[in-house]
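The letters A, B, C and D name the chains in turn, as written, and every chain counts its residues from 1.
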Amino acid sequence: MDPATERRYVLTLSCPDTTGIVARISAFLAADGGWITEAGYHSDPQTGWFFTRQVVRAASLPYDVAELRRRFAAIADELGGATWTVTDTGVPKRVVLLVSREAHCLHDLLGRVATGELPVRLAAVVGNHDDLGDIVRAHGVPFHHVPFPTGDPAGKAAAFQRVADVVDAGNPDAVVLARFMQILPPELCLRWAGRVLNIHHSFLPSFVGARPYHQAYARGVKLIGATCHYVTPDLDAGPIVEQDVIRVDHGDTAADMVRRGRDIERLVLARGLRWHVEDRVLVHGNKTVVFH
Amino acid sequence: MDPATERRYVLTLSCPDTTGIVARISAFLAADGGWITEAGYHSDPQTGWFFTRQVVRAASLPYDVAELRRRFAAIADELGGATWTVTDTGVPKRVVLLVSREAHCLHDLLGRVATGELPVRLAAVVGNHDDLGDIVRAHGVPFHHVPFPTGDPAGKAAAFQRVADVVDAGNPDAVVLARFMQILPPELCLRWAGRVLNIHHSFLPSFVGARPYHQAYARGVKLIGATCHYVTPDLDAGPIVEQDVIRVDHGDTAADMVRRGRDIERLVLARGLRWHVEDRVLVHGNKTVVFH
Amino acid sequence: MDPATERRYVLTLSCPDTTGIVARISAFLAADGGWITEAGYHSDPQTGWFFTRQVVRAASLPYDVAELRRRFAAIADELGGATWTVTDTGVPKRVVLLVSREAHCLHDLLGRVATGELPVRLAAVVGNHDDLGDIVRAHGVPFHHVPFPTGDPAGKAAAFQRVADVVDAGNPDAVVLARFMQILPPELCLRWAGRVLNIHHSFLPSFVGARPYHQAYARGVKLIGATCHYVTPDLDAGPIVEQDVIRVDHGDTAADMVRRGRDIERLVLARGLRWHVEDRVLVHGNKTVVFH
Amino acid sequence: MDPATERRYVLTLSCPDTTGIVARISAFLAADGGWITEAGYHSDPQTGWFFTRQVVRAASLPYDVAELRRRFAAIADELGGATWTVTDTGVPKRVVLLVSREAHCLHDLLGRVATGELPVRLAAVVGNHDDLGDIVRAHGVPFHHVPFPTGDPAGKAAAFQRVADVVDAGNPDAVVLARFMQILPPELCLRWAGRVLNIHHSFLPSFVGARPYHQAYARGVKLIGATCHYVTPDLDAGPIVEQDVIRVDHGDTAADMVRRGRDIERLVLARGLRWHVEDRVLVHGNKTVVFH
């Protein structure tokens, strides 16, 4: 069997650090012959917190994922204050995309899903304009057009209610703001906490808010960037998952930066989403541990 | 008018270097009020060759592109041994893509054309399998399926003849081997010399030929790369237009490298093609001058 | 003669943009046989300003640098509102370094000067501690120890007066704050305007002020950076010359970032200083044009 | 106590992979209260080999490093075919540098050792020219001048014997060819196997052998690189520890590449050496596992 596509279970756990956690978990897995193919550990000396992610071949264990969850829950209980997950790579993660008119991240993600490079099922795409409906449907993905009125708070709230209905109906593991251009209301940030990824077109914390490339142009920076982060009620201030930059120079206008920045937005969002759906990202406070 | 989309003329010229070429060209353009928006110059001390690329606002000149060509031809004649081009950004460049089953570069280019990010017209896509026909047609681009028989030289020659017919009918400014997986016969390399771009999935000159990621894995390199180059009869040895790399480590299998390398293949090919259709690439011998 | 070390004249000019400037300058140089080895041009569509840098082989002109300056001044006068310089690579640029206890940038610059890689003469190093005196003197460079009292404004002002005396005695083309850790008084910023380079250990405009790596650690960024900029009375807000970043992850403590950031501080400062002394940097408003 | 400088023990082990190794090692360390601050694991699916590196606070164990070695040896014996090391960060690693006339890597390493950034003791520097003796001695490090005759095999063999005597007297954990420019004889490669690091000024496997920048210039590559690798009798073909690249363009002559490449040589060698002396590099066949 191809090791890349073989069914695996992914365990993540974070808890207060103490001696012997690794021994406890690895003994548990070894006891029943669990074959670990990837293992990441991190001890944060500042917060005194411990994080791990383990990947086990499903076929190496004599029980199913439900039984693994039961047994791992008992371990986590012993550790005290632990947060943990157990997922099954045989069950594709579900993703809902929210888009507006800027299509580059959408095209990129559709392509990655079509080629099998990004192992997710696109449950739905919601757009506040209908420009991108055709290409979404051509990829066999349902598209929902939810217009957002301007200068009409009640209408906007109703629109967000419709978005929420579509999202919740899709039961997604990730909601992706793929250049959505609308600020998610605090209640949705909280309802979907830890599941909403945004791509911001600057190297945060520089250039929060609107028109970051124009801000970058005005400041005369020599690199521009993009940031994939979890959305929280605090604008552009949630836990950062991934960032990257590209070089610009004096010859680049703000419009050039907009165009050239798309390359880095695409990449940073695709990486951040991949890591999220592979359960590589553990959030602690306003920071992330990302096990590569 | 938006300066980014305003009609411009692009002049390129290469010739033996001597004193006064810049003065000659810039005086010529200034004489009739030509407003230069971009100008690149390069003198190669080793070969004694001079290269330039100039971009002029079309509206700043009192004559049309045909007249500009006539007048610039006269300048070039005076310089002796010059190669030159004058193109008009109002006339979109035409591109034909050759693909096989690997779809990531195709999806990426289709997305860039759809968003207007890559200013070209896709005249046709030719595939030696028909897997990618639907998505190509969904983008409104004609798809031609030309099967390539294995172990049948005559059948292969006939298939290449059909490819050549489609390409030539499209009258393209660029033919792009977007992971085409077939080696172009020497006569087509020569017929389309300077117009065929390939994306090779290694940092050339390392790992020429088949399965470069597997070669890279076996050697234990810490970065993998991709190279966009002009195709010549000498396999993977033509003039390099663009290269880039990404970091890998001991945890990456050859299959991981194949997957991760796609990000850099997409980017390097998209950059190389953009520069080619913007007339930024001047070939001299087996090397390129790329005016950014 | 080695073309890399052959004597050359470097001309820079910035002025309001209009048609024919390139023609005017290149005709001027061509008229007397000036052999241009490098030429950079930039038109800024937003400000309507034009910038150029030209490098000419000294031996190709029939007159000396003083005469070149006289003639070029006449051209600049015609252009109206121009700022210009003419320098001679046969006269090494003079540099004064201001340091504190952090030695990594100092070691790096001393090494680059010792190998001839950075073509400058170190006129003096001033330190507000004497820790680094021995290594500076081992490189044959005068070291001046100027202690800075804490909590004593008058003492501090006196110390800055002594620093200013050393700097002015060195008549430098560049004053480099190589992790100097003291904020230059506004009057010195103004007196040496356009000649003082600082290395700030963050990717500005993020993390202005003190302890930027600790700020970066607290925010959870995935890349840390360094910025070389001209010093103005507005703290860490002067025109940016160069920036770069390196990747960090959750395993990096603030102390790791301090250590790892040194690699990028060294590089960014060395590049910024090289470009400054090669007259590649033209300042306009609060931004720079850097001709590579 | 500063966690960065607190005494720690570093354990590395590689052996045939099987279920339960992590459990075995972590249980062993936990049994006596060992506090793990860093842990890296790698299973190579292709070779079926397992690799780990563990860092333990010395103060957390009730016995000394000698006892830790005895006990860990017993574990390793049980695992069968294991290679392992236990080192003590309280005992600085010893390094001998071999240099010629190219000084940039030497200056860089001297600076890093002087600032405490690179935690090693420089036991000696050997130069086949005496140009660099003064700066080495200014750093308080013994310098040995061993001239290498040209065209005299017996004289060269004698010179290498003198080099070997100095190296062996220094009892180094690492021998660094810091642009030494002489090819180490096979018997020394073998005698010091796994301890000799070279910096090659290309992105291997491209441009093996002499004048790699000139080879790169001739091929027209768009990035140049450097490679830090273990030296084996097969020239420039040993296990790669680290590589990196920088962008060049058509304006860079071979001499520019030589100059600009120094930045990447310095960095790549410094990183490779750091990782080696921190016991982060495990060699298996002709490849390395590097635990970051």
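We take it that a contact is a pair of C-beta atoms (placed from the backbone, for glycine too) under 8 Å apart; a residue touches a chain by one contact, two chains touch by 3 or more.
For reference, the UniProt names are A, B, C, D = Formyltetrahydrofolate deformylase.
None of these values were measured; they are calculated from a predicted model.
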TODO: State which chains count as neighbours of subunit C and simultaneously of subunit D.
DONE: A, B
Task: Interface residue identity across copies subunit A, subunit D - same or different by half - done: same
Open item on the list: Quick check: how many Å separate the C-alpha centres of subunit B and subunit D?
Closed with: 41
Open item on the list: Between subunit A and subunit B, what distance separates the C-alpha centroids? Give it in angstrom.
Closed with: 35
Open item on the list: Residues touching two or more other chains, restricted to subunit D: which are they?
Closed with: 3, 38, 45, 251, 253, 292
Task: subunit D partner contacts - residues on subunit C that touch it in the complex - done: 2-4, 38, 103-104, 107-108, 110-112, 114-115, 117, 134-135, 138-139, 251, 253, 255-256, 259, 262-263, 267, 270, 292
Open item on the list: Which stretch or stretches of subunit D touch subunit A in the complex?
Closed with: 3, 19-20, 22-24, 26-27, 29-30, 33-39, 41, 43, 45, 60
- [ ] Would you pull the subunit D residues touching subunit B in the complex into a rising list?
- [x] 42, 44-46, 51, 203-207, 219-223, 225, 239-245, 249-251, 253, 286-290, 292
